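Here chain A shows up in two complexes: once beside chain B, once beside chain C.
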Partner chain A sequence: MAQSFEVPNGHSVEEHDLERTLNPYVTGTSVIGLKYKDGIILAADTGGSYGSTLRYKSVERIKPIGKHSLLGASGEISDFQEILKYLDELIIYDNMWDDGNSLGPKEVHNYLNRVMYNRRNKFDPLWNSLVLGGVKNGQKYLGVVNMIGTHFEDDHVATGFGNHLARPILRAEWHADLSFEEAVKLVEKCLLVLLYRDRSAINKFQLAKITEEGTTIYPRYSLKTFWGFSAFQNPTKGAVGSW
Partner chain B sequence: MSSIGTGYDLSVTTFSPDGRVFQIEYAAKAVDNSGTVIGIKCKDGIVMGVEKLISSKMMLPGSNRRIHAVHRHSGMAIAGLAADGRQIVTRAKSEATSYEKVYGEPIPVKELAERVASYVHLCTLYWWLRPFGCGVILGGYDRNGPELYMVEPSGVSYRYFGAAIGKGRQAAKTEIEKLKLSELTCRQGVIEVAKIIYGVHDEAKDKAFELEMSWVCEESNCQHQKVPDDLLEEAKAAAKAALEDMDDD
Partner chain C sequence: MSRRGDWVYENNGGTCVAIAGADYCVVAADTRLSTGYSIYTRDYSKICKLADKCVLASSGFQGDIKALQKNLSARHLIYQHQHNKQMSCPAMAQLLSNTLYYKRFFPYYAFNVLGGLDNEGKGCVFTYDAVGSYERVGYSSQGSGSTLIMPVLDNQLKSPSPLLLPAKDSVTPLSEMEAVDLVKDVFASATERDIYTGDKLEIVIINASGIQHEFMELRKD
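Take a look at the complex of A and B:
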C-alpha cells in the first residue's frame, strides 16, 4: 500500500514519488544557439521564474565547459547546477591525464545525452533542455538534448518558446558564414520577439560566443523595446466598467 | 644495513623484540631501489622531478607517467612499485573529488596528505594486506600557498621544503640543501631540479633514463601540469652542460 503525504503546495504525493522529480520549481526560459563563420553564438535571458513570478533576474544560464564548449540550459535551474557539477568532474578527470587531448563539444554532448536519457528511464529526469555548442580543431558543433533524451545537431537551435518563435526566423534568415555582427543582429531579432511574446522572458540578456581561440561571455545588456503602438494608447476607452 | 628478521619478518602484524615491524622496512627498501624522485618548494610554487629509469629501448618516450595530477591544484610523484603507486593515485583522486563535492572547495593539500597517509597506513595493520611498496611526494597549491608533503610506506607524512626518495636520495638531499629555496622562482627551480637529477643519475649502474617534471605555481595558474616542453628542454640542456662542467674538473 503506497503511503500518501500532503505536501506544502497542496498536492498529495505517494511515497515512491518522493524519490523523483515531479515538477520544476525555478525555471529558465528559451536559449538560442546558432553557427556563424568563426564559431557558435549562444544567447539567453537571465531570468529565473518561480511559477508565474519572475523571482530571480540575474541567473547565468550559459556556462563554459572545458576549453571547447558552451552549455546553455532552460528548465529547472537546480538541475542545471547539478549538471554543471557532473560536467566539472568530467572535465577535471579529462584534464588530469595532461596528455594534450581534451573533450570536445561532440563528446560532451554525447555524455549529456547519456545522462539525460538514463535519468528519464528511471522516471527521475533532470528537468532541462540543454544547448551544447563548441569548436574543436576548426570543426563547429551545435546540439540540443532535452529531459526525455531527445537530441540532435543543427546549424541553429533553440529551446522552449524559442522553438516556436525563434526557429522560424532563423530558418528564413540564417545562412552559412554569417559574420559576427550579422549573427548578433539575427540573434537579437529572435531575442526581441521572445521578449515581447514570452511572459517568462526578461529584458536582460547573456550573449556568449565560442571560437577556436576560446570563449567570450559578454556583459549583460538589454534590448530597446517599443510600446508606442496606437492600440496601446487609451487602453480603457470603450471598455465598460474599467477605470 | 640489513638486520636479519628471522621469524619476526613474516607478517606485517608482528613486532620484533626491539620494536620494529620488518615488513614495513622491507617495503621501504622497494622505494630505495627505484629511480630518484625529488620535490622542492620554491617561493611561488612546487616543482617535482622523476628520474624515470628506462628498462627497454622499445618504450615510447612520455609513456609510463610517474607524476600524476590528483586534482586541478595538486599532483603526486611516485617512487617504488609503479602498480602500487597507481592504486594510491586513484585513491587520492577520489578523496579529492569527494572533498570538493562535500565542502565546495578544492581539498587543502594538508588534508589530502593526511588522507593518503592514513590509506597507506591502513595497509600496514592487517595480515591479509601488504604494505604499499611506494613512496609518494605530494605537491599542491591551495589557499595557504604552495605545500609539499612526503608519504612513506609506513604511513608517516611530513611537510617539507625539499624532499627526495629513491636511489640517489642522499646525494639529492645534499644538493637540495645547498639551494636557497625561498629565493627561487619555479622557473629557476625547474632548472635546478633537472641538474640534480642528472647529477645523481648513476651512469654505470643504470643505462638510460627519462626526466619527467611537473610544477604547480603562479605561472601555471595554480594548476598542476607537466612542465612546458620548451622549459623542459632548457632545463635538460642546462643539466647536461652542468654535468660536463663537473666532468671537466
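Take a look at the complex of A and C:
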C-alpha cells in the first residue's frame, strides 16, 4: 500500500510521487590520498561552499573511523555527516562484540560501497565521493567510492578536481615506499595546483596520516602561494580605459 | 530540474572478449577503469571466476557489474550447498540471463561475455545484452572496443558460419596458443583506436587442467 504524506500546501501525496532534492547544497571539493612507506596520507582543504559562496571555512572533511581507518569526503557535507552517523553505529556494534577483532579499512570500504550503491538504487543518493584509507596487520589499503557506487583501490586516489589535476602528478612522481617527508611534499604539490586552479579550493588544509600505530591529524595549515608573475603586473597595460 | 535518470549510470568503459575452442576457452578483458575523459585506475579486473569452469567478463557501469558478479557468486554458493556440485557453464548462463531480466525496468548496465567448458569439456561462450538476451556462440566481444574487435575475430578465427544449415558448432579450430595470440593482437589493435581500452590485458584460459592467468601490457594513452 502506498505511503501518503501531507505536503505544505495541504495536499496529500503518495511516496512514489514525491521529489527528493537531488542537488548538493553545501559541498566540499577534492580529497587526495596516497600510500607511503608506513601507511596512508589523506589531505583535503577545509572549505564548505554554498554554490559559488565560500560559506564555511573550517569544515573537517577527514575523520578517523574505528582504530584502523580514515575517511575523507567531497560533495554534500550533510550527507557526509549522515555517513559518519552510520559508521559510528557500525563501529559501536563491532566494539560491543568485545572479541578482540575490529573492522579494518577493507571492511569499512566494502560497507560504504554497499551503502552508496543501495542508496543509488533507491534514487536517494548520498551525494559524496569518499576516500577510505587505513592500515591493519601491516597491510595498507586505500580505496574510493562515489555516489553511484563505483569503487576501486589504488596506490594513490583523488576525488573531483583532484582526479584531473592531482592524479597526473601522482602518476608521474609516486613510487613505492615514499618517506613521510617525501609523501607530504608530493601531496602539497598537488594541493597547491588545486589551490591555484580549483575555484572552490581554499588555502587552509587538513592533513592526516594513518599507520599501524594509529591516526594523526595535523593542525590546520596554509601553503605559500606565488602571484608575482610578470603577466600579472599592470594587467590593464594593453587596454586603455580598463581597470 | 534534474531528471531521475541523469545521474544513476556512468560508463566505466573497457572491452571484453571470449573465444571457445574444442577443449579450451579464453576469456580476456582490459584493466582500465575510466569515466568521461578521465582514468580512475589502470589496474582493475573486469573478470570474475564464478565456478571452476565458468568465468564472466563484463564491461559497462562498474557499480552494477560488481553487484551483478557478487549476486551470481552468492547464488552459486547456494547452488553448491544444495546440489553438492559446481554449476555448469550453460546453467550459469541461464542464471545470468534471468538475473539480468529481473531488472528489466532498471537494468544492470553491464555488457557480459560468459566463457567456460560445458558438461562435455568443450569450450562454450555466451554473449549477452544488458537485459538478459543471450546466445551460445563460438566467440564474442562486448564493451567499448567490441565494434573494432568483432570483425577481426570473424575474419581470423576460421569458425564455421553460424548461418549454416544444418547448424554447426561455431567453436574455433585454432589451437589454444593461436587463440591467445589472436586475443593479444586484437586488444593491441583496439587500444590504438578506442580511448577507453588500454593499460593492461588480463587473459584467463580455462581448460581440462584448470584456470591459468596471463597478463600483457597495453598502451597507456
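FYI, the second predicted complex is superposed on the first by the 221 of 243 C-alpha atoms of A that agree within 3 Å, B and C clash if a C-alpha of one lies under 4 Å from a C-alpha of the other, contacts with A are read in each partner's own complex, and residues count from 1 in each chain.
Just so we're on the same page, a residue touches a chain if its C-beta (ideal position, glycine included) is under 8 Å from a C-beta of that chain, and two chains touch if they have at least 3 such contacts.
Since this is a predicted model, take the numbers as computed values, not measurements.
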When chain B and chain C are modelled together on chain A, clash or fit: fit
Partner contacting more residues of chain A (chain B vs chain C): C
Contacts of A:22 with chain B and chain C, given as first, second, both or neither: second
First (chain B), second (chain C), both or neither touched by A:120: second
Which of chain B and chain C A:96 touches, first, second, both or neither: first
Touched partner set for A:149, first chain B, second chain C, both or neither: second
Minimum distance between Cα atoms of chain B and chain C in the superposition (Å): 28
Intersection of the chain A residues that touch chain B with those that touch chain C: none
Touch list for chain B against partner chain A, complex: 68-72, 93, 97, 101, 214, 223, 225-226
Contacting residues of chain A [partner chain C, same complex]: 22-23, 113, 117, 120-121, 123, 125, 144, 147-154, 163-164, 167
Chain B contact footprint on chain A (complex, rising order): 85, 89, 92, 95-96, 98
Touching residues on chain C, where the partner in the complex is chain A: 2, 4, 7-10, 12, 33, 35, 38-41, 43-44, 61-64, 66-67, 106
